[in-house]
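Have a look at this one.
Labels run A, B, C and D following the written order; every chain starts at residue 1.
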Amino acid sequence: MTVRTAHYRILYRDIDSMGYLYYGRYMALFELGRVEWMRDEGWRYRDFEQQLGLMLPVTRTWCRHLAPLVYDDLARIQTWIDGWSTATVRFGHEVYSQESGQLCATGSVELGCVDRDRRRPARLPAAFQELLQRVAGDRGGRKRGV
Amino acid sequence: MTVRTAHYRILYRDIDSMGYLYYGRYMALFELGRVEWMRDEGWRYRDFEQQLGLMLPVTRTWCRHLAPLVYDDLARIQTWIDGWSTATVRFGHEVYSQESGQLCATGSVELGCVDRDRRRPARLPAAFQELLQRVAGDRGGRKRGV
Amino acid sequence: MTVRTAHYRILYRDIDSMGYLYYGRYMALFELGRVEWMRDEGWRYRDFEQQLGLMLPVTRTWCRHLAPLVYDDLARIQTWIDGWSTATVRFGHEVYSQESGQLCATGSVELGCVDRDRRRPARLPAAFQELLQRVAGDRGGRKRGV
Amino acid sequence: MTVRTAHYRILYRDIDSMGYLYYGRYMALFELGRVEWMRDEGWRYRDFEQQLGLMLPVTRTWCRHLAPLVYDDLARIQTWIDGWSTATVRFGHEVYSQESGQLCATGSVELGCVDRDRRRPARLPAAFQELLQRVAGDRGGRKRGV
């Protein structure tokens, strides 16, 4: 299993009046995590759209919050492939506070592959499926989305 | 079960380059739904903080996306109590497109009650528990969070 | 001069750790104001894109902050036409706290008309220019953007 | 004049249906720019609040948009001190596309110093004023905010 790491500095714009990162913002941290995961593996999300005519809309999310992230902290986002099928891929994420070292949230985001023009379900590109097979093979291979 | 309705007009700032409401924005729609649910039942969230010294941080979220919301559409957010305990409350939500009538997303958000000054778990106010008992009694009563 | 009013309830997601509406969020309030201004005048922004093949990207903004908006307050956004030319329109805005009645911010947003396919400057639709002439005539008519 | 640089990768969550960075998001880029400027100079914004009992709410913003930033582009944010007084500081910013090299936006953000507990105007810390004098001395020194 290939785990990749991304970082994000918590800004004033991200936090609420408790002084904590707003719970919905974790979805943006997860997006950052999966974009950087893909980039590290040689895939740019925009190529799915612009070169392959595919979109990857989110179909399911799940998140558990364990500890707060606060202003000016540096979030460390760990990302891996949690499951996949020929038409879906599910990323797993853990978000840590750089300062305290604590695990702040864990979650997953499932994306479905869609043909951009017809807006109908489509297969993931074969080369991307090969990547998933390679990096998530030790997790039992072609698992369906939850 | 008391279901309450709130509305939100989708702005340019909310959508992504697919022309769809960004998936993380549903968490803000859910917040709007539960704030209006509470207001309709005579509770303001800020009174928890300012008058009772309690906070309600989010502990878990779950969301399934079924159809997109698009620019300028009016989101209709249905909210109800999905489960609760003496220290947690879980709101259930459905988001519909006013234009198409379609169900776009369904999800839930669990909040835990915390003492603001000591930042330790606390009991929900007795009067709020009575409200939960009354409105969610037909769902089997004091259900624990997921 | 036709002044239109829109409202927005301040959510947890909008505020920062001072307990104030984040300064960048005023740009979304201004967007809400101009969208509702146009709707009230019989124009939907999306028709510019979908039916007329035009876009209206923002070219300039200016904002002065006078007092904070706080959690759960209801923002009242006043919007009017502050100036225009054949290819640009500038909206003026004032944002008030419903609770205190105070003026919290005043600002303006200038949009330029662009042909969507060629991405080149274009003229505003003649009928929209007539509207601008009618509602902003008492401001000296065809004023250029700042 | 000390110019500092920060970077931000444009995510899906940041862009609108034109495929462009939402105009209000530039205010968050400016925040990132000034936070990193201060950090590079040995000041953390949170120390103003937590150690000095001061807040720096935004009092004025101004922004001109020249070219779009698009999905997956890397924004380069240049930040410097544009003017200051004993109680205010104004940051200047330029945002460039890493990919095209184009200047996408230029703007400024003025902050006012406020005593956190009394919520009244206050003087900037003497050591911070010395920093401003040192780095912005070649700009004519103690300039008032716009």
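By our rule, a residue touches a chain if its C-beta (ideal position, glycine included) is under 8 Å from a C-beta of that chain, and two chains touch if they have at least 3 such contacts.
As the structure is a computational prediction, the values presented were derived from the model and not from experiment.
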Between C-D and B-C, which chain pair is linked by more C-beta pairs in contact? C-D
Chain D against chain A, contact positions shared by both copies (same if over half, else different): same
Provide the C-alpha centroid distance between chain B and chain D, rounded to the nearest whole angstrom. 35
Nearest whole angstrom, what separates the Cα centre of chain B from the Cα centre of chain C? 30
Approximately how many whole Å separate the CA-defined centres of chain C and chain D? 24
Sequence positions of chain D contacting 2 or more other chains: 12-13, 17, 24, 27-28, 31, 71
The residues of chain D that touch chain B in their complex are 12-13, 15-17, 19, 22, 24, 71
What does chain C use to touch chain D in their complex? 17-18, 20, 23-28, 31, 49, 55, 57-65, 68, 109
Touching residues of chain A toward chain D in the complex: what are they? 9, 11-13, 27-28, 31-32, 35-36, 44-46, 71-72
